[in-house]
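For reference, the structure is listed below as structure tokens.
Think of it as A, B, C and D in the order they're written, each chain with its own count starting at 1.
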Amino acid sequence: MSGNTTGKLFTVTSFGESHGAAIGCIVDGCPPGMALCEADLQPDLERRRPGKSRHTTQRRETDQVRILSGVFEGVTTGTPIALMIENVDQRSKDYSNIADRFRPGHADYTYFKKYGLRDYRGGGRSSARETAMRVAAGAIAKKYLRERYGVEIRGYLAQLGPIVTEHKDWDAVEQNPFFCPDADKVAELEAYMDALRKEGNSVGARINVVATGVPPGWGEPIFDRLDADIAHAMMAINAVKGVEIGDGFASVSQKGTEHRDEMTPEGFLSNHSGGTLGGISSGQDIRVSIALKPTSSIRLPGRTVNVKGEPVEVVTTGRHDPCVGIRATPIAEAALAVVLMDHALRHRAQCGDVRTEMPDIPGSTP
Amino acid sequence: MSGNTTGKLFTVTSFGESHGAAIGCIVDGCPPGMALCEADLQPDLERRRPGKSRHTTQRRETDQVRILSGVFEGVTTGTPIALMIENVDQRSKDYSNIADRFRPGHADYTYFKKYGLRDYRGGGRSSARETAMRVAAGAIAKKYLRERYGVEIRGYLAQLGPIVTEHKDWDAVEQNPFFCPDADKVAELEAYMDALRKEGNSVGARINVVATGVPPGWGEPIFDRLDADIAHAMMAINAVKGVEIGDGFASVSQKGTEHRDEMTPEGFLSNHSGGTLGGISSGQDIRVSIALKPTSSIRLPGRTVNVKGEPVEVVTTGRHDPCVGIRATPIAEAALAVVLMDHALRHRAQCGDVRTEMPDIPGSTP
Amino acid sequence: MSGNTTGKLFTVTSFGESHGAAIGCIVDGCPPGMALCEADLQPDLERRRPGKSRHTTQRRETDQVRILSGVFEGVTTGTPIALMIENVDQRSKDYSNIADRFRPGHADYTYFKKYGLRDYRGGGRSSARETAMRVAAGAIAKKYLRERYGVEIRGYLAQLGPIVTEHKDWDAVEQNPFFCPDADKVAELEAYMDALRKEGNSVGARINVVATGVPPGWGEPIFDRLDADIAHAMMAINAVKGVEIGDGFASVSQKGTEHRDEMTPEGFLSNHSGGTLGGISSGQDIRVSIALKPTSSIRLPGRTVNVKGEPVEVVTTGRHDPCVGIRATPIAEAALAVVLMDHALRHRAQCGDVRTEMPDIPGSTP
Amino acid sequence: MSGNTTGKLFTVTSFGESHGAAIGCIVDGCPPGMALCEADLQPDLERRRPGKSRHTTQRRETDQVRILSGVFEGVTTGTPIALMIENVDQRSKDYSNIADRFRPGHADYTYFKKYGLRDYRGGGRSSARETAMRVAAGAIAKKYLRERYGVEIRGYLAQLGPIVTEHKDWDAVEQNPFFCPDADKVAELEAYMDALRKEGNSVGARINVVATGVPPGWGEPIFDRLDADIAHAMMAINAVKGVEIGDGFASVSQKGTEHRDEMTPEGFLSNHSGGTLGGISSGQDIRVSIALKPTSSIRLPGRTVNVKGEPVEVVTTGRHDPCVGIRATPIAEAALAVVLMDHALRHRAQCGDVRTEMPDIPGSTP
């Protein structure tokens, strides 16, 4: 398989290039009988949409999604749900100056070496534009998980360049263009981004995502652990270079007595594990953190080679996000949603009949 | 699928419990015509084997692997290669005291909730014993990658609890029981581990793995990026809580001019990306780093619940690794090998005919 | 997976309902660098298109396919190729009389029982309209197989109800609305179909498909034999109830001396096997034959039940094929093409390096 | 994937050669909590075992299966169930005379061309010996389907060469070495086989398999229809050249009024469809029929080529079944069981919540 499908039971197969006619996906495996319409998908697309503030790319896409199949009289039928967004704001000529050379740090070179050719317009298939479809597919998963299991999935910006934010308030997250959970930091973020844009440079970011309400028992050892599948989905997001579950790299210097989350009938006493034990959900909050690298498409000149292998300089004009992390929160939420949805169905297939007399240990200490 | 198979074209399907009759796996998709015998697999198994030093579990397993199929007259035939190791040193009664209760931080609770029952002897299927088969399967992949493509895969201990090691020398790695790349740090590690063992506690670790010689073009966008599949394989190793590719979380505070690896006809000028761009190998070294949490099976008492849901105390006797990171280096190497092997074959399937006139940019600046 | 994707390396994921907005598919895994445009797909769609003669359904669909992605400057890029056909001639009200009852012999009842609801308009997802996308995807596979390997895939009507045709001439096949390979039988077929239509009944058919030029070595034992995958693809065509490879059911009464195809350096002396031995292609013609049942949507009244479980009578009006076999030839060709394409890539992945000194035995005696 | 795994949720991965150390498989996805031991698997293995009568190969294998994992205290744990049978009666030297040449009609040639080498001892991986593992895996599926859903799967010999049997009695099937359902035909079969053996020739056969008690709703349109997956599994059995569901090829000359199975609240009035409509089970008996070709390994000399491409004669000595159909009944049953089991789990995953007020139409008219 050429890597454009994710999931085993709830699958998303994606298509489309940044400057092609349309982008889209087929969502397969959604249970029948769920109310669904475009309005269910549009809010998360809106959260990801470019051009909403001066801090993201100025490409103006309305990102209106169409449901082409799989819904009848407002309800999912159990057949594939095809989603499509037409590309409306392409300026392909912006890219003519990179048609013959490779941006350092970009997929330009590797696509060319893999396929022998590449669609250089806006990054073609390697563009983060493709993530719009993941967000749309994720919205279906989110809705199902919420309605059927009471699972909620939310994310926020935990760090942007040198600025670390503190998670004070979920409500704050949606009230600024950064998904920053601390209203007091927004001005600092704006100032930093303004300076960065002026400089012509880009910067990295860290996003945290949390799922609450996941019942114990989801996840398939050995290879398809819930956390392994989450890591797969997160690392598959453009620009992601690191993934942590729970305490992540902090675990390296922890001792067993510190890391293990003790249990009482009233609940877990801590959540260092991030909601998975042995690759299976424990009922605690699933806590995920990801690192996004700085965008490689920047105005500052860099050394590179062209398609003849000659040394040249490259400068990227066109429209780009100076920090892809700013719009990454809904993408990371969607990635987590699709993984959880897949494992919800996988759990039902093999272990749907399992009942234990012992009650679940109440969920999370955040 | 219940998660016991990994890979799309080069697949490993694993079976076995810690205290069952045997552990084993089926390796499918290996090209025909490669010389292969047990002696090719045994060295890596020996590197992972427990009981070699006082710093790992004292379970005495010889870990002698048998090739049951897929090899004829010393050569792979292209048919499935079945591998098996019989368990010889089981002390199941050591575990009777945890049969009715769940170790905090362990898969005990989640397996019970998922399956409604569990094999409590030595962790059953959740035991790290299962990783022996990944090491054996990985040795096949390593051999093929080396002989066919010149790829080398090596790892080392980068940190153990508070002790950070420096990568001075590949040769040093194999000359101490920690896979420590700095001979000067070995005494410090030994002292730390002795104290830890006396204390009855455990500690986390960080392992780095590097693949050299990977040609550009391996990896499948969008979802099955090379780094996404690596993250999947690494997070599927017992106790792993974090994965980084290249600069990983350090990318969060980097700027674009700092992170992007500039290119010249003579080679890349840096390797922040860790060898992948857009999910496809660039020809640079693949650099991976993982965090392993401290073992949850420790002698120090902890609070937990039993199968009736009542509050109880748990103390783990039995034989356990106080730092699973010590034996994790060959496991992480094997995980990387299997992913690379799979993508080597996937690349051949779709892009085997691709030729570009432009020469590859020479590989890595470490 | 919910069954809307076929193939392992060359995959087709299909969506769409008979009376939805559009039907479409995503073709993934096509090698890069092949010239491709809509005009390459349209001829086979035209061969399958309804309403071309009075002997098929009178639904008037232009079946104009759009390529939405995966092609850049007229050449495949190696990324997913999305195809879409908008539905233009829907008369959903024709189906209001079957909204509350199940046509006997139709998927109406089983879809309802599986999903708890169904899109009754034109059969919804169970409609043969969906096969248009298989034909479009198959045209991509056919083109690649022809250009890269010299493989040709052709089919014809071998029997319609009581009328058996003889394969006299490939050219004749395309010169009548039945894909009949014997021009002398066309008048008889027309008279039969006219009488059948007047009667309001339907009838079954047999289609034969042949692939020439397939090299030896394609097919994966044990489960994914080339013939097993062919059987899977053929039985997945609407109305198919039987599949034969080579002599098929005639083999039951054959002796070994009769069935085995003897070999000489100049070629095979017969082709009873139909081009596969042990599930792997032999280099002979792949010969496949399929049985299609008579359409269940007929004007003659039948006994059935309604959604309340009450006994009722059903009469199907709407527009239907009285013999689905008439338009099935391009569908069966496409199914075979997709399977062969998938196995061509699978072969390359594992056995692309294999070379034998012994020359191939020349191909088929038909 | 190299074709040694079947199923999506209930998977069987097989390994082993005819004259290797052992054959085996890993069964993954079995729900936890089912009582299971070797004695559950042995009866079907015994039914398939060679050397029980003079009419099958005289190879003496005890076919004692060992469960190596996945069962704890007599109950399935939900983890992979590994099964192994050691090969005990190998006479590899019998095959030295075919080491350099290819039996016509056998996989010898195609394996050689695919892999560049082959294990010629007893057919290596292409041997029907491998089917023992399918029978063992199928016994697990049969047990689960029976206990959880009340599904029964049974088969019988419907034709052997020219001798057609009539299905008079399920009890008769197990009381003769042919799985013949008509006690009166057994003498005729014995005489025919004795003459055939004396002649040194082989012959084909037809096997019918029936599953009763399958609830409506199993099967996944579009590509993974229940009947398509059945066709895949059946055609993957050694020597199978044709598969029919329900009336199969007889449908070709049927009219719609004849073929459609009318429905009443009391039940279906016929079962021409063979229990699937639109690829989904209807609740009627699943009826499958397969054609097996005559064995290619016969004593009568035939023309062939050797590994140098020279014309030679071949005579097969060694021990072979003169009619593979004789032992094929339990294999076909197992194949059907594995497919049904997989679809039972797939159904649960997506449609486990579906309830309809309308009662199921009672099942089969045979």
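Definition applied: contacts are C-beta pairs under 8 Å (C-beta built on N, C-alpha and C of every residue); 3 or more make two chains touch, one makes a residue touch a chain.
All figures in this text were calculated on a predicted structure; none of them were measured in a lab.
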Sort the other chains by how far their Cα centres are from that of subunit A and give me the top one.
D
Any chance you could check whether B-D or A-B wins on number of contacting C-beta pairs?
A-B
Taking each chain's centre as the mean position of its Cα atoms, how many Å separate subunit A from subunit D?
45
If you average the CA atoms of subunit A and of subunit B, how far apart do the two points sit, in angstrom?
26
Geometric centre distance via CA averages, subunit D-subunit B, whole Å:
38
Listed in rising order, subunit A residues that touch 2 or more other chains are 1-2, 4-5, 8-9, 14, 29, 32-33, 78-79, 114-116, 125, 221, 346, 350-351, 354
In their shared complex, subunit D is touched by residues of subunit A numbered 8-9, 29-33, 78-79, 148, 221, 345-346, 348-354
In the complex, go through subunit B and note every residue touching subunit A.
1-6, 8, 12, 14, 102-116, 125-126, 130, 159, 161-162, 196, 201-206, 216-225, 227-236, 238, 241-265, 269, 272-274, 276-283, 291-296, 298, 300, 302-305, 307-311, 346-347, 350-351, 354-361
Spell out the part of subunit D that touches subunit B in their complex, as residue ranges.
1-2, 4-5, 8-9, 11, 13-17, 20-24, 26, 28-29, 32-33, 66, 68-70, 72, 75, 77-82, 84, 114-119, 124-125
